[in-house]
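All chains are identified by letter, namely A, B, C, D and E, in their written order; residue positions are counted from 1 within each chain.
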Amino acid sequence: MKDLVGLIPLLPLLGWFITGLFGKKLSRTAAGLIACSTVLGSFAISLGLFFEVEHLETHRFTVDFFSWISAGTLQVPFSFLIDPLSCLFLLIITGIGFLIHVYSFGYMHDDDGFARFFSYLNLFVFFMLLLVLGSNYLIMFVGWEGVGLCSYLLIGFWFKNTAYNKAANKAFIMNRIGDLGFLLGIILIFLTFDGNIGYAEVFDKAKYMSSGDGTITAITLLLFIGAMGKSAQIPLYTWLPDAMAGPTPVSALIHAATMVTAGIYMVARSNILYALSPVAMEVVAITGIVTALFAASIGLLQNDIKKVLAYSTVSQLGYMFLGLGVGAFTGAVFHVMTHAFFKALLFLGAGSVIHAMSGEQDIRKMGGLKKALPITYMTFLIGTLAIAGFPLFSGFFSKDEILAHAFDHNKVLWFLGMLGAVMTTFYMFRLFFVTFWGKFNGTKEQQYHLHESPKSMTIPLMVLAVLSLVGGFVGLPEIIGTHRLEEFLAPVFADSKMKLFHAPLSHDTEWTLLITASIVCVVVIAFAYQYFVVKGRRPAEEGEEISPLAKTVSNKYYIDELYEALFTKPLNWLSDKFYKIFELQVVDGIVNETGKLVNTLSGVLRLLQTGRIGFYLFAMVLSIILILFVTTF
Amino acid sequence: MSSIQVIPVHMYVLLSAVLFSIGVMGVIFRRNAIIVFMCVELMLNAVNLLLVAFSSYLSDGAGQVFVFFIMAVAAAEVAVGLAILSMVYRNTKSVDIDTLSKLKE
Amino acid sequence: MQAGAAAGSAIDYIPIALMFIVAVGFVAGTMYVTHILGPKRQTRIKQESFECGIEVQGNARTPFSVKYFLIAILFVLFDVEVIFMYPWAVNFKQLGVVGFVEMMTFLAFFLVGFYYIIKKGALKWE
Amino acid sequence: MVIAGLGVIAMLSEIFSFKKLLYPLVLLGLLAAAVLAGLDWNHDTRIPLFGNMIMFDNFSAAFTIVLSFTGFLWFIMARDSFNEESSLTDHYALALFSLAGAVVMVSFGNMTMLFLGIEILSIPLYVLAGSRKTDVHSNEAAFKYFLMGAFASGFLLFGIALVYGATGSFDIPKISLYVAEHATNLPGFFYAGVLMMLAGMAFKVSAVPFHFWAPDVYQGSPTTITAFMATIVKTAAFAALFRLFSNCFIPAATTWSGVVWTLAALTLLTGNITAVYQQSAKRMLAYSSIAHAGYMMLAILAMNKFSATAVLYYTASYSVSTIVSFTVLQLVAAHKGSDLLESFNGLAKKNSFVAVVMTIAILSLAGIPVTAGFFAKYYIFTSAIDSGFTALVIIAVIASLIGVYYYFMIIINMFFKESTDDSPFVIGAAHRFLLIVCTLLILALGLFPDIILRFWI
Amino acid sequence: MTVYLFYLLSFIAILSALMVVFSRNPVYSVLYLIVTFFAIAGHYVLLNAQFLAAVHVIVYAGAIMVLFLYVIMMLNLNTYNEMQKANWLRFGAVVSGCLLMVVLVGSLKGAETMQPGAVHDANIGLVSNLGNVLFKEFLLPFEVSSLLFLAAMTGAVMLGKKSIRS
């Protein structure tokens, strides 16, 4: 297997080459098959590696290809590091990547850019694998930029209009800010660890450093800025909802399963550095929880099916960072895995719905789809239960692990986490009920065209459904069973575990937490059921949602009143304000202002270029005078 | 006897500095391209003077040989420059450096 | 070069200075002399240029023909090139064969340029 | 030897009589020059020639290779654009003279050679810039370039004269020896001389505030000539600047480093920010080339053991990417009849090959990984940080972020905009070959940076 | 005597240089520039650079300035009354010129202390010695300069020939 490591990224690259260069000549089927098979190949190899690594006593090995850069003190080999962490990510990327390739086969079938689409997808997979496999920060950075570029291309895949530029530029500027942080972080590492940027060297040195070192904090914070950009954390998150404009498989692969988790991977990879800096840990945790709550609350009022999922992705990413921040590295990675399962499932399900609704994305136009799309309906239900953390579904265990650590770390964090969970459950079931239950609200011909998606789309759905059903069992809390994933990942996080050791929770606390979570989940689902199914409420049309009170007087039900009082009014208000004020004004405002500022400056500076030689000569003379004056007097 | 023995070299430095500055001033003062160009020549001559002064101060021939090359280059520049000038004049009927500002911003 | 050894100051260059003075003086002198010797009967008629009754238009100095311009430019270039030969000529013996070869290469370039100009017909006098 | 290369070039250019043979001969000659330069690689340390007029060390050999290879690519690019010109051979001759000047500039061992090299580089370019004799813009470009160039060389000369006066020699080793020995008691006007030379060179590398000529001249000249200026002239000028300062004036660093710092910062910001506004792709590339000068000045400033490599690597990658971008620009402009950014619209649909190649070149200019440009910037930054210019590096990184913004404008236009017409976009075999070679180079440099870096270190 | 000559020549040089800049008629500018060149040639003679002085007169006064005059005549600029820059610009030009002068003079300190070396070789300016330097030490630049001339010729012809046609 070791010899085949090189093939893992190479195969998708090959696929990109073929589909990209000969895309026009190949038939659609051929192009699709090539793209899928390459990814499948890398998946097979990764699987092999996975088992191999488990049985190595060192649990890690590096594969050197060539000396990449050797400039004086700067010695960077081009080599891959295979260890449990990278293996897990390899499996997620290639596995889910493969499913999504298959899905796209059906989804994109009548798009004229079919081959181009697959070539981009393959290219993306290549860079993502590079990002994960690299044995030093530079390779990671290369992959990092690469995936950014591909997502840029894929978001714009369907865009022919100018409105695209704005969204794209926003995505672009935010990711750039992140990259700036990342790059500076790398350079700082380079300086601090005397010219090393390889994981092995850096982490070995870091092991013996004392906690709370200033430069380490700086490094970790800079890296975290990078992570914020990629993984859409406050304040660099607004690009993700915009990115939903791309084809749905793209949203599933890039903006749910893989790319956005690159930030998590980076932090998890540098766990030892973060373990050295409590400050950074706090920052990560707080950013995470704030983002989680915030995005969840915005999700409450969205009516575009993909927007809802986008905000939920942001909030789930927030949970992962919360996990990292409170030292639950395993939990975070675990959540990455389960989230990849169910969020990919949900996106693909949404895709299938959109496909059936012939392009309609507004849930208010849907309803009662469960008869028309049985498979989609079932799988979507499973996905929803999983994300809601319904007992024994995959989301349940991973979220619980994170929350347990949060509880152990600080009760407030736990409470907020629960609050977020409540909102998540509510908006997900709102989405679910409104879409699949009730009566159909679309146009006649939409209803006429309603149809279940082709096999190539439903099969991945089912596979993912199974995964999100049972995926949780690899990481049972020790009160129930064994946490296989933890054992598997142990070697990666061993050092940082030592650094921030804390006693495990007592068992009854664990139980209490588990049960609380389950009860809350069930109750909220019941609320949602009451509200949207029994009462048959639909989300308000545009403009009404400011005065929910008007709608509530009509019904006498105590439960509804309670619900209104407890959730809807404050949350609607909050959600509304967050969306309108924070997101639209503050974040986008800042981003757009930066753009504007540059443009204005440029407009001013260009005026210097008067085209008059006289002025040019004058400027030269004046500057020479200035130079001589400054340097001599 | 050579003047460099009776006149301190810094007088020459000053002289050529003054001439040079006059040249520069002319360059930014006039608008007639030819005059501007002549002022550039003036600057070059200030440099030549400086070089010669230094060379005979150091009793080193190199300086004067360098002046040769400067002259050669000056000749070449004049040839090309005036050719360009006449070409421009032919097309725009003007050698005013400031009316020639179509390319800008 | 015996003279070189002796030459040490501006004094030895008085002849040159004299020559300049004489040359300039001669030009100035003749101009002056012709000026005073010429008959001066200034009348309005005489002042006017005789254009069969038509008033003179525009500037008396008409522009030169462009076609000499290129020749003038080339003259400058060759002029400077030739100047490089003085020092060589003076030290011809001293520099010996090496110097000769050097100068020949220089001349080779020189002649290539010349050939080029001829070929381009830049010197054509049409 | 470099002289051999020079001879080849010069002689070649004179075979006016049979035009057919000239073109292949030129290409061969350039390759030969590159090979010859490569042959006397590592004739340990430096070979002084003609009483130190030329010092042919690894530095100059490497740059000679880069220059002649760039020249080679450039000639492939320029092939068609000269054909319609009446005097084809003149263009070749002038370009080759200018190239010869560039080679002299990178291997000078004496101020005289530096000066002559600069002039031999510039004078043909003044002419070439104006080679569209009836086009007013071309005239204006030539005029501006010439006038300001002459002015700037005046300053350079004054600087040389002052340095000569202070050190009593034009010979680079002698000067550096003198400066090293009398570092403490150098006369004041020596520093003035250094600064004036700096100003003169800053003009050639188009560093702000001596950059004003660049955008206008770049825009006005024929695109091929612009490509020549943007690649060969910049490379040569930077090599010369670096050679000069690293050999002679390091002891005087305290005087000039502050100035260079300011110039670099100004260049980075002005170049990148102004480019954002531009509507004409050609002009935008002009500003971007100004900005690139800023990055390279970081290396001049850093002046440590990787700087030479960094400059070499940067110039090489920058030249190749620039050649590509200008070639594509030229093709597009020829196709659409305008060099506005809009004329790139929908290129991906029309000719995906060209679009992809252009994208790679642009990414390299923008410094996105797996292209040469990224590592070029990376080395420059690391070498600058090694010498402790962190603040400037941060400015540079921010500037490069702005840079990426406008570079992506072109990519957006190519991929996400619809073209107004749908006339087919075809390119000749020569250009196709050129683009393929360059792209491979860009990627190769990006994937295996060692192939250049192994040289020095 | 030399000293007086020096001051006289310097005075002439500077004065006529100023006249070059400020006289309205281009032809006068040319003539004043020629005067400046003669003055500078005088300086060369004083500095024992006699050969250079001769060359200077031949090249500059003899060739280059003639060319300038020629162009002015050819383009018929002697009557073409040049547009003046805006007054504040001209003022600024003068000011910055003086400023440059001041700064330059200020930055050129250090020369006062330089005393002429004990051994002074008066003959370096002679043709033969220059020839030696030129053809021994400066051989390569000499050859390279021929390349320069070649380039200049090609360029001039390329631009100039068109002028005949049009």
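The rule is simple: a contact is a pair of C-beta atoms (placed from the backbone, for glycine too) under 8 Å apart; a residue touches a chain by one contact, two chains touch by 3 or more.
Keep in mind the model is a prediction, meaning the values are calculated, not measured.
Asks: In how few steps can one go from chain B to chain D if every step must land on a touching chain?
Replies: So the least number of steps between the two chains is 1.
Asks: Based on Cα centres, what is the most central chain?
Replies: Here the chain at the core of the arrangement is D.
Asks: Which chain has its C-alpha centroid at the greatest distance from the C-alpha centroid of chain B?
Replies: A
Asks: Can you check which chain pair, B-E or B-C, has more C-beta pairs in contact?
Replies: Between B-C and B-E, contacts are more numerous in B-E.
Asks: For chain B and chain C, let me know how many angstrom lie between their CA-based centres, rounded off.
Replies: Centre-to-centre distance between chain B and chain C: 21 Å.
Asks: Using mean C-alpha positions as chain centres, tell me how far chain A is from chain D in Å, no decimals.
Replies: Going by mean C-alpha positions, chain A sits 42 Å from chain D.
Asks: Averaged over CA atoms, how far is the centre of chain A from the centre of chain B? Could you give it in whole Å?
Replies: 65
Asks: Quick check: how many Å separate the C-alpha centres of chain A and chain E?
Replies: That gives a centre separation of 71 Å.
Asks: Counting only residues that touch at least 2 other chains, which ones in chain E make the list?
Replies: 2, 46, 48, 55, 59, 63-64, 67, 71, 74-75, 85, 93, 96, 100, 104, 107-108, 111, 114, 122, 129-130, 132, 134, 137-139, 141, 145, 147-157, 159-163, 166
Asks: Could you list which residues of chain C touch at least two other chains?
Replies: Touching at least two other chains: 8-9, 66, 69-70, 73-74, 76-77, 79-80, 83-84, 109, 112, 116.
Asks: List, in ascending order, every residue of chain B touching at least 2 other chains.
Replies: 1-2, 9, 13, 20, 23-24, 27-28, 31, 37, 57-58, 60, 62, 65, 68-69, 71-73, 75-80, 82-87, 97-98, 100-105
Asks: Can you name the residues of chain C that touch chain B in the complex?
Replies: For chain C paired with chain B, touching residues are 8-9, 66, 69-70, 73-74, 76-77, 79-80, 83-84.
Asks: Of all residues in chain A, which touch chain E in the complex?
Replies: Answer in residue numbers: 614, 618, 621-622, 624-625, 628-629, 631-633.
Asks: Quick one: which bits of chain A touch chain B in the complex? Just the residue numbers, please.
Replies: 606-607, 609-614, 617-618, 621
Asks: Can you tell me which positions in chain D touch chain E when the two form their complex?
Replies: Residues of chain D touching chain E: 10, 49-51, 53-54, 87, 90, 93-94, 97-98, 100-101, 104, 110, 112-113, 116-117, 119-120, 123-124, 126-127, 130-131, 133-134, 162, 165-166, 186-192, 195.
Asks: Which part of chain A faces chain D closely enough to touch in the complex?
Replies: Touching chain D: residues 20, 66-74, 141-142, 145-146, 149, 153, 156, 159-160, 164-165, 168-169, 172-173, 176-177, 179-180, 183-184, 187, 190-191, 595, 598-599, 601-603, 605-606, 608-609, 611, 613, 615-617, 619-620, 623-624, 627-628, 630-632 of chain A.
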